[in-house]
Each structure stands twice: as structure tokens, then as C-alpha cells.
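Here chain A shows up in two complexes: once beside chain B, once beside chain C.
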Partner chain A sequence: MNAVYMPVIGLEVHVQLATASKIFCSCSTDSMGAEPNRNVCPVCLGLPGTLPVMNEHALRLGIRAGLALSCAIRDRTIFHRKNYFYPDLPKAYQISQYDLPLAEGGEIVITGDDGAPKRIRITRLHLEEDAGKLVHSAADGRLEGAERSFVDYNRGGVPLAEIVSEPDMSSPREAREYVQTLRRLVRYLGVSDGDMEKGSLRVDANISLKKVDGATGDLLFWGERSEVKNMNSLRAVERALAYEIERQRILMERGGTPERETRHWNDGAGVTTAMRSKEAANDYRYFPDPDLPPMLVTEAMEERERRALPEMPWKKAERFTEQYGLPAADVEVLVESLPLADYFEACVAAGASPLRASNWVRVEVFRVMNERKLPADAFPVAALSLGRLVAMVDEKKLSTTVAREVFDAMAGGKSLDEALKGAGAAQGGIASEALEGIIRAVVAQNPDVLDEIRSGKDGSGKKRKFLTGLVMKETRGQADGKQVQAILDSVLGELL
Partner chain B sequence: MDRMLSADEIVRGLLAKEFSAAEVFRSSLERVRRMDPALSAMLSVTEEAGMAAARAVDECVARGEDPGPLAGVPVVLKDNMCYRAAPTTCGSRMLERWTPPYDAAVVTALEGAGAVILGKTNMDEFAMGGSTEYSAFGPASNPWDPDRVPGGSSGGSAVAVAAGYVPVALGSDTGGSIRQPASYCGVYGMKPTYGLVSRRGLVAFASSLDQIGPFARTAADLARMLSVIAAPDPGDGTSSRRARPEYGAAVASASLKGRKIAVVRELAGMKASLSPDVEGTLARVLDLCRREGAEIVEVSLPRSLEFGLPCYYILAPAEASSNLARFDGVRYGFSRKERTLKALYERTRGEGFGPEVKRRILTGTYVLSSGYYDAYYLTAQKVRQLMKEEFRKAFASCDLIALPTAPTPAFRKGELVDDPIQMYLADIFTLPVNLAGLPALSLNGGFTADARPLPVGVQLIAPQWGEEGLLSAAAVLERHLGPASVAPMAAVKGGDGR
Partner chain C sequence: MTVSERDVRHVAELARLHVEDDEIVGLVGHFTGIMAHFNALARAGEEGRLPLDDLSPVVFAHDEIPPLRADEVVESSVGRAVLDAAPDAREGFFVVPRIMEGDE
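Let's look at the complex of A and B:
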């Protein structure tokens, strides 16, 4: 009998909501580079006597994300307390949601392993507060064996949406695709920056293996699932799951059975290690938080968020293909980021041809963004300017070389007109009188070359080409080659 | 008996420049110095901050400005309300040296009204208990008989008003913690409707039941205090946004004519556990109501009286087990530094909490545990809903419900401290009111015939937001019963004290 092992993967994704203040107090959520315990107050430190007050913006973002995932939004939803002791949890309970989550029963479509669209069902989306961060002095950064431990509550109370999928993914690639699709979506919605490195999008994976009879397809055995944590990049998600599939498969082939446990992905070593087994897991003693009244989601609130939904990324991709005739690879890059997609469209609207605009955005704009570590929506060159520039190239008023120079000048802060002037070009190209002047000057500056042509040593036309090159250099490439040729011929004709 | 000024009289005298706020404050301090060694009602006295506040009021009066509705009135706070000027111990070793970096909403309201805070009062640890015997800093004594308890958990605040340290005080009431000590000490104590007074800055015991309320010796003072503290607070998600009346008006126009006051049918079957003094006092007060033109009717509250107690002792500990989990020795308060995290938790909580708190944390943890949640917590929540419904129906046929505040007058120190169930039973008539979220007050209906007479309280319960009805009834009865008496110094001195 030929046994086949089929991975069954479900993901829990924590998304940090893009609110200015924390979910239950007015502390800032922006702690990048902040001193530890700077963005804290009595409420998020859980000091005795303090009370949480719901941040309505977090609720609105949660509703928006729920709608975009095609979930049903609950019109009355409540917070529960999840009770457990840990130093990063100042109240010794996390305010979260339990059996009455904000949103339930949605779906998202990814490209499956067979290349066809595949639906991944969304179980639920719920709101909760983040915990603080522990820093241990032990060499491996873990609590065990640490001489001293420090806790930073800056992150404590930051609003999160936890998005739980059904176990609908069958490969690490699909898992990665799902996370990427979800990340793009939350960015489109303005719900989160989705930055995995900063921890504003965190992924936990539940993975188990089904052992199936290769011939009949009968299920022979279904192993317990393990929960894999600490995957901090898309690559890590893919690698950790691939490792975990191998680990479970080998275990099962040797007659073992995977345990239900939580495992920690060690990115450096490329392995998962056991953290704690679920059997011994905490009893969280969930109960409704009596400090927070039920959140009522009215029709009007839901409608408002529905109206705030942008064109979904997958819809945009379809449209870009049809409307602009762009190749699939271009569409994928442009649609990945909403500001970038908008930028591209604005370039086209300013007169650029779609294909050339796409090239410019994907090459030049990306280059400058990467060099300066700029987000697309803070890009220094206005889309209108780039669009007009590209249109000039389209119309052959400008060579690509000069256009790049103009673009760099604009990226340095110049306006389109200034940049064109600085590059020695005016919109509309070079007048023929001016070009003739330049050609005469070039010829006058190279009497030896002129002599050689005069003496008939330019049978192959190399000398003429050399002069043409000098003219092109002088005109910064914006002169038309044929025109240069014609004028040069007539000037030389006069002199010979 | 010693004649002490009411808050009303202090404000009037101050505005008439008969005396200064500083003089009133000094006289309060003096009384605390003389009596508190025997009564142990105070956990801290904020002399410096209080004197500064009193002087500020005097300057305000001198400038001819309005010094506020509680101008120069000395008040005390139960020691579970955050106040920057003193530690907030909650009667626990866990917070013995913890001074909060903020003021409770009620403290801000009091200060804004010109009140002068005298200090913080003794209480059962984290408000769990009915005698103040569970205070980590020793029990307070009943000023009418120092061998007896003042009730609890807000015992210290009740004593401070009954012994005449101050005319008014604040307590908190989760299952009777204002009304029961008010009854034992012979003063007014009111538990407002849940959501009327902000809980911000009140260290939580059971968040869905806790409510801050006033103690006073006159109905007018009770109303005056309530008007100051009953403000909507956007910083408390459970604070109601509805507009609050000026409660003094209810006292000024007090009448019981045509009001329906209900007795509870099931009380007849509970006589065995009622002291005759309590029964007699209730009958006397009802008789006064009738003479004032009220109609006495009967309602039935079988579920509330039968299941209120078990329901409460599931829900309150459940919430408490979670609310008190933050005291883990990591950030503030009592801490036992240990080599491992588990040992830090265990020793800190093992040594920082007293026996009753531990009992309730254990109970609460148990009833929320997986496998027991449905049988205990969820069932109790359903019963709570039924009790709310039961009260709602009862109020369809009456304006107020009259019940004893407690089954007996103040018991002796040590009598129940090792019998938690009997101690819990002292709250059997008060707990249902918290579970239903309703307002109620306890007023002194008379005294026992003992050699050392003990006060006996009567409880009036109103529908949601019915505080004005309570105050109106109390004001009518006060015309017959007089304001609450200040316990005579002789009674205090005559006792063994502590």
C-alpha cells in the first residue's frame, strides 16, 4: 500500500490595527524607537482602580476588515477576559473576544497549488489588546535560565484583530499565499500597515498531517495538530511549515504520533522546538468583561465601513489586465500596494502609455523608494509629473536617458519644469536652429576630425558617427538622431 | 448626645462666616485624635492636604466666590478609592505602601465641590467581608459598643459618620457594604443604581456589582453628597449618560402621600433567622409610612431571597478572582522576590492576601474553570436575569420595597469571623439589590432595648434610577425619627476598645 501524507493547515493571523491610540486608553500605538515603558499610562498598566474605555476607531477598522473578508458582522458583540498569569500581561488577563466575535464566516480567494483560484474560509475575526514584551538577559533570549528579565509595556493595549482561518490550506506555499493576500488586503483597507518585521502582522499556524491511502484516497490516520509560533516573515512561514510537515511525516512513518503541542520556529537553526503541550495548557477561565458594555454595531456603522471599502486588490488586478493590457507580472507588482497602484493610474491619467508607465513605476520609482526607504504614498515625484514625463518619451520628445535624468532631478525635489531646464531640455525638444548652432560648434572644436573627413579618410562613416555622438552628448540625448545627421551633412557639405 | 454639625449646617455657617473651614477641619481632626485610638476607623489621616483644601475654601469665601455645595465639609473615603495624597491600601498588606498616581472620579468631584478630605477609612480587605475584621490592619469598632463590629466592608466610613468625625463619607457597596454598616452604626447609607456614580478610581472587587455611595446623618446631607458624586463619566464605560437631577429637591418636597410601599411576602417565612428587634423596627417604620399617607402593599421576591446569596457568592468571587489577579508582585505593591516566576507569584499572593480574599479567589477561580463554568457561573448569570425580572415585576405594583437591612443588629467581634457562611448570611437582604443593579438605602429605624442600645436599620429599595424616591421617603421618616444620632463619647470610652 502506498501511503500519502497530506498537510492540513489553518492560520491565526494577528493584525495590529492602524489606530493612533491604544484600544482602551489614549496612549500612542507608535512605539518604534521609543524608550521602553514610555507609551504607557495607569490604564494600560492595569493599575488598581483603572477602567478601559473602548476606542471606537478600532471597532470601525475591525468592521471594515470583517466586511472585506465577506464575514457577517455581529450587531452586538462583547469582550471577554482571558485570564492567565504572565509578567507581560499587567492585569493578568487579556481583554479579548470569545464566543461572540465581531465577525464570522467569511472567505478569501488565493491562487491554489494547481494555479486555480482557491477559497480559504475565514472562521472569525475578533478584537483584542496586545500584551507587553519581555526581554530576557539569558543568552538565548528565553525566560528559562535568564539571570534578569525586563518588561516593556509600550505594546501592551495596542489593538489587534485576530483573523482565524479554517484549515483549508494544503501546502506551505498556499499558507504563504494566504498571508500575502491577507496582508495586501489589510493594507488596502487602511486597517493595518501589515509589517511582519515590526510585528504588526503575526502568524501562528496550526498544522497536522492526514495519512491517506494513495490508491483509494481513504483516510488512514489523522495526526494531532501542532501550533507553530514565531514566524516573522513570509519566508519563515513557508520554511517553518515545510519543516513541520517533514518532522510530522518522519514521526508518523516511524510509527509515532504527533502530539498536540505548541512549537517555536527558530529561524536561525531552521527548526521548530516544543514550547508547551496543549494538555498542560492554561485554563483561561473566559468570562464576559464587566467593565466594558456590549458593542453595538448599527446598520449605519456597517454601511459607513462598507462605503469606505476600496476596490479589492483582486478586482483591481482583473481591471488592470483588461483596461491597460498589462502582462500578469506587471499587474502583480502594481496591485501589491494600493498607493503604488493609484500612482500608476495617475501617471496614465496624466497621459503616459500604460506599458511604459508600468515600466517606469516598477523600475525607477521602486529604485528610488528602495534607496531612500520611502513608502509609496510619500514618494517625492508627483504622479502627474511622472505621467507627463513618460508621455514626452512616448511622443519621442525626450530620450529615455534624459528622461531618467529629469526623473532623478524631480526625485531630488525639483519640479518637472525645473528638472527639464536643468537637463538642458525644454518641453517640446530642441529647435533646429539651436541644433545647427551646436553642430557647428562641435565641428569647429574638432578641426582634426574635419581634416580627416576632408581628406576622404571617412569611407566607413566612422568620423561622422563620432561627431554625431558628440552632438548627442552636447544635446543630452534629446536631439533626434536623423535630424542631427541631416544638419551635420549639410554643415559638412558647406565646409568640404 | 454630642451635637455635631451636618454638611448643610457647615456650608451655611461658612457662608455666614460663623466659622472657617480650617476651624471645622481642626475640630474634625481633634475628634479623630480623641476617639480613633479606640475605634480604629481611620487607616490614614491626610492632615496636610486637608488643611490646604480648607484654607483654599476659606480664601474662596473671603473673595466672595461660590465655594461649592460641599464647601468646607470634612469627608472621609473608604480606602479603596484612589487619592493621590495618601496610600490606597484596600485594607490589605498587598497595597500597604501603594499611593496611586491619580484621583478617583469621586475624589475629583468632591474636591471640585469644596469638600475637605480628612483621610481614608478602615475596611475589610478588598471590600470582602461584613465586619472590618478582615482588614489587614485590625478591625474597627462599633461606636455604640466597641466590643461589637461596625459592619462592613465600609465599616470605617460608617464609624467616622456615626462617631461624628465627619458629617458625610463615601463607601462602596458590592453586596451590602454600605447599607449593612450603616445599619449597624445607625446612620444613613445609600447604594445608588449601578452606573449612577463613576467607578473610575475605585479598586475593583466585583465590577458588575460595585457602586460607590454616601453615608450621612441626615437625608438632606445624603442628597447633597449624591448630587456631587452622581455625574456621568466617559472614563467609565459602565457609567450611565442620563442626566442627573439635583437630589436636594426630593428632600425639600418630601412626601409619602399615595406612595405604595411594599413588604415582602417571603419575609414571614424567615422569622427564625430574624432578630425580634429587626422585625419590630421594620414594623414601626412601616407604621410611620402608613401614618404619612403611604399605602402598604405586598410583593413577592422568592427567587431573590432564596437564590440571591448563592448567586452572589458565585458571581462576585468570579469577578474578584480576575480583578485581583493583577496583584502579582511584578510591578507594584507587596512583592516577595524569588528565584523563579512561579515562586514570586506564589509567595507574593500567599503572603500578601488574607484568608477571606484567598477564599473568594479560590471560589471564583473554581466557578470559572472549564467544566464548571456552565454549572456555576452561567447558571448564576441566568438566575441574576430572573432576579432582575422579578424586581421589575414587583415594582409594577409598588414605588418602594421595605426590607430589613440585616437580619440582626451588630454582632460581637470574633463571633462570626471563623464562620464565613454565617457572615455571608448577614447580607441576605442587601445582595439581591446589587445583583439587580437597583438603588437602596439604609436608615436607622430605632435602637435595641439592650443595656448598650444598638442601632437597627431598615432598608428601602427603589426601581432603577429611583434615588429621589428613596431620599424623599427618608426625609419624611426623618421628621419622625430625627436625624441619625452621633454615638456618645461615653459609649466609646466605656467599651474595651481593641
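Let's look at the complex of A and C:
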């Protein structure tokens, strides 16, 4: 019998909400570069006598994300205490949600392994506070010490939305695609910056293998699932799951049974390792937090967030394909970020042809963005200017070479007009009288070539092309090739 | 529901409480009493005495929208004082006995 192993994958994604202050207190959420334990207060440190108060913006962002995932929003939602004893929680409990989450029953569509759209069901979205950070040693050695761990509560209390999927993914690639789709969505919504390296989007995966009879499709055995943590990039998600599938498959083929356990992805070594399992640790003793009244989501609040929804990235992709006739690969790149998609559309609105605008954005704009590590919305060249520049190329008033020079000058801070002047290009291209002068000069400087053409040795037209090339060089590519040919033909006609 | 010594030890472990062997029997008695009280509460909805079964945690005692906080940062200087009061602190960090990643 030929057994086939089929992966079953569900993901829990923690998204840090883009708020200025923490979820239940007024401390700043911006702890990049802040000294440790700077953004803390009596509430997030869990000092006696303090009470949490919900951040309205965090609630709104949660509602917005829930709506975008087609979830039903619960009009009354409550917070629970999740109890566990660990130094990253000053209160020894995390305020989270349990059986009455903010949003439930949604879906997101990805491209499945067979290339067709695949629906991934969203079980729930709930709000919770983040835990503090433990540092076990520092690279600079200052905090070295085998006996001690170091605790920083700056992150404690930062608002998170936990988005839980159903186990609907069947491969590491689908899992990666799901995370990518979700990341793009939360960025579009302004719900989170979605930066996996900074930890604003964290992925835990539940993965098990089904052993199926290859001939009949009958389910022979379904292994326990393991939960994989610490995947800090899209690539890590894909690699960790591929590793875990192999590990479970080999285990099952050898007659073993995967255990229900939590495993840690070690990116450097490319393996998952078992975390010490403690049954008691999974007993979180959830109960409703008596310090927080139930949250009321009014129709007005829900409606306001519904109106705040932008065009969804998948809708935008459809529209870009239809409206601009762009190839799928172009669309994929352009809609990945909302500022970039907007930039492209503004170029087109300024007169650029969609295909050429797409090429310029994907090549030149990307190049400068990468070189300078700039986000699209802080790009130095205004979309209007690039749009006009590309339109000049469309109208053959500028060659691509000169247009690139103009673009680089604009990227260096010049306006379009300054950059055009600097590159020696007038907006109207080269006047034909000026061009004729250049052509006559080029012909005069190459009497041997003229002789060869005269003597009829240019049957293939190579000599003419050579002269055309010299003219193009002389005009620094600003001249229109067809126009040069026409004038050259008439000039040669006079001389032959 | 009867409470066993094992239950008491389990709860003590979850709460990270050290309990001496000779304290266990007494605690079993306390637990049993507490459970009896909850059983009494659970029965309160029977025979039409109180409509407790209809109550859920999302029922409001008052018909008012719970307060929400504007998303504004207010700095607190309490961190320094709390660090000073901590049993061990270094370089702005609270220092605790070493806990390896994954020791949850």
C-alpha cells in the first residue's frame, strides 16, 4: 500500500496594533531604542489599586481588521485573565479574550497550491496585551551572567490582535502566502506596520500530518499536532513548516507517533526543537477580568470602521488587471503596498501610460527606495513629476536614457523642470532644425563612411545605422530614432 | 464534587505556592467548603428562584457605554522608583533568576 502524508496547518498570527499608547494605559508603545523599563506605569506594571481602561483606538483597529476579514463583530465582548506565572507578566496574568472574542467567523482568500483561489477560514480575532521582554544575555556581554535573566516591561501592555485561522492550509507555501496576504491587509488597513523583524507580526503554526491511503484516499492515521514558535520572517515560516513536515513524516514512517508539543524554530540551525513541556503550564485558569466592564461595540462604531476600509488589496489587484491591462506579475508587485499602488496610479493620472509607468515604478522607483531604504510614501520624486516624465517618453520627446538621468536628478532633490534643463533636454525634445545641424555635422566628420555609402557598399544599411548611432550619441539619446532616420535619409539624398 | 489532596497540590503548584504536607488536609476542607458554596449558587437558578441562567458576563448592570480612553501618551516616571524597590535591578532591567527560552 502506498501511504501519502498530507500536512494540515493552522496559524495564529499576533499583530501589533498601530496605536500611540498601550491597550489599557497611557504609556507609549514606541520602545525602539528606548531605555528598558522606560515606558511603564502603575497600570502596566500591575501595581495594586490600579485599573485598566480600554484604548478606544485599539478597539477600533480591532473592529476594522475584523471587518476586513469578513468576520462578524460581537457587539458585546469581554476580556478574560489568562493566568500564568512567568517574569514577562508583572501581574502574573495576561488580559486577553476567551470565549467571547471581538470578531469571529471570517475568511481570507489566497492562491492555493493548484493555482486556484483558496478560502482560508478565520476562526476568530481577539484583542490582548503583549507581555514584557526577557533578555537572557546581551551581545555586548554587559548583561552576561548564567544565573540571571533580565526583564524589560516596555512591551508589556502593547495592544495585539491575535488572528486565528482554521487548519485550512496544506503546505508551507500556502502558509507563507496566508501570512503575506494577512500582512498586506493589516498594512492597507493601517492596523499594523506588519514588520516581522521588529516583531509587530508574529506567527505560531499548528501542524499535523494525515496519513492517507494513496489509492483509496482513506484516512489511515492522523498524528497529533505540534505548535511551532519563533518564526520571524516569511522565509522562516516556510522553512520551519517544511522541516516539521519532514520530521513528523519520518517519525510516522518509523512507526512513531508525533506528540502534542510546542517546538521552537532555530533559524540558524534550520531545525525545530522541543520546548520543555509542562502539563500544568497549559492550565491558564481563564476567568472574566472583573476590572474591565464588557466592551460595547455600537452600530455607529462598526459603521465608522466599515467606512474607513480602503479598497481591499485583492480588489485593487483585479482592478489593476482590468483597468490598466497590466501583467499579473506587475500587479502583484504594485499592490503589495498601498502607498506604492497609489503612487503608480498618480503617475498614470499625470499622463503616463500604465505599462511604462508600471515599469518605471517597479525598476527605477524600487531601485532608489532600496538604495536609500525609503518607504514609498516618503519617496523624493513626486508621482506627478514621474508621471509627466514618463509621458514625455511615451510621446517620444525624451529617450529612456535621458529620462533616467532626469529621474536621478529629481531623486536628488531637483524639480522636473530643473532636472530637464540639467540633462540638456528641452521639454519639447529637439527641434528638427537643430537635429538636422547635428546630422550634417556627423556626416561631415565621417567622409570615409559617406564614401562607402556612395560607392553602394551599404546594401545591408549598416553604415546608415552607424551614422544614426553617432547622432543619437551626440544628442545624448534625446532625439527620436525615426526622426533621425528620416532627416539622415534626406541629408544623404542631397549628398549622394 | 469532591476535592482530593491531588487537586489541592495541583492548584498550589499553579499558584506557585509552597504547601507543607500537614497543611494539605486542612486545605482540602476549605476547598470542599468553597465548592459547596458554588454548588449552592449554581442551584439558585432552579425552581424559578433567580434567573441566573439567563445572565451572561456581558450583561451590563447599568445601561451606559463603558468608558474608553483616547489614544494619547502620558509619560510616567514610576519605572525608576519600581526598579529601585526591586530585589535586584541592573542597567534599567529587573533581574530575576535565570529562565531559559522555552521554560514556560
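Convention: the second predicted complex is superposed on the first by the 417 of 496 C-alpha atoms of A that agree within 3 Å, B and C clash if a C-alpha of one lies under 4 Å from a C-alpha of the other, contacts with A are read in each partner's own complex, and residues count from 1 in each chain.
Just so we're on the same page, a contact is a pair of C-beta atoms (placed from the backbone, for glycine too) under 8 Å apart; a residue touches a chain by one contact, two chains touch by 3 or more.
A quick note: this is a predicted structure, and the numbers were derived from the prediction, not measured.
Once the two structures are superposed, chain B and chain C can be ranked by residues of chain A touched, with C on top. In the superposed model, A:Asp283 lies in contact with both chain B and chain C. When both complexes are overlaid on chain A, the residue A:Asp291 reaches chain B alone and has no touch with chain C.
Contacts of A:Val151 after superposition: both chain B and chain C are touched.
Once the two complexes are overlaid on the shared chain, A:Lys462 sits clear of chain B and of chain C alike. In the superposed pair of complexes, A:Lys396 makes contact with neither chain B nor chain C. In the superposition on chain A, A:Arg372 makes contact with neither chain B nor chain C.
Of the two partner chains placed around the shared chain by superposition, chain B is the only one that A:Tyr93 touches, whereas chain C remains out of contact. In the superposition on chain A, contact of A:Ala58 is made with chain C only, not with chain B. Within the superposed three-chain model, A:Thr50 lies in touch with chain B and out of touch with chain C [touch as defined at top].
With the contact threshold set out at the top, residues 42, 45, 47, 53-54, 83, 85, 87, 143, 151, 283, 285, 292-293 of chain A are in contact with chain B in one structure and with chain C in the other. The residues of chain C lying in touch with chain A in their complex are 10, 13-16, 57-60, 65-76, 78-79, 82-83, 88, 90-104. On the side of chain A, the complex with chain B involves touching residues 42, 45-54, 81, 83, 85, 87, 90-93, 143, 151, 283, 285-287, 290-293.
Within the complex, the chain A residues that touch chain C are 19-21, 26-28, 35-42, 45, 47, 53-59, 76-78, 83-87, 100, 134-136, 142-143, 145-153, 262, 264, 275-276, 278, 280-281, 283, 285, 288, 292-296, 298. Within the complex, the chain B residues that touch chain A are 80-82, 88, 90, 95, 98, 100-102, 104, 199-204, 206-208, 234-238, 318-319, 321-322, 325-326, 328, 330-332, 341, 345, 365, 368-370, 373, 377.
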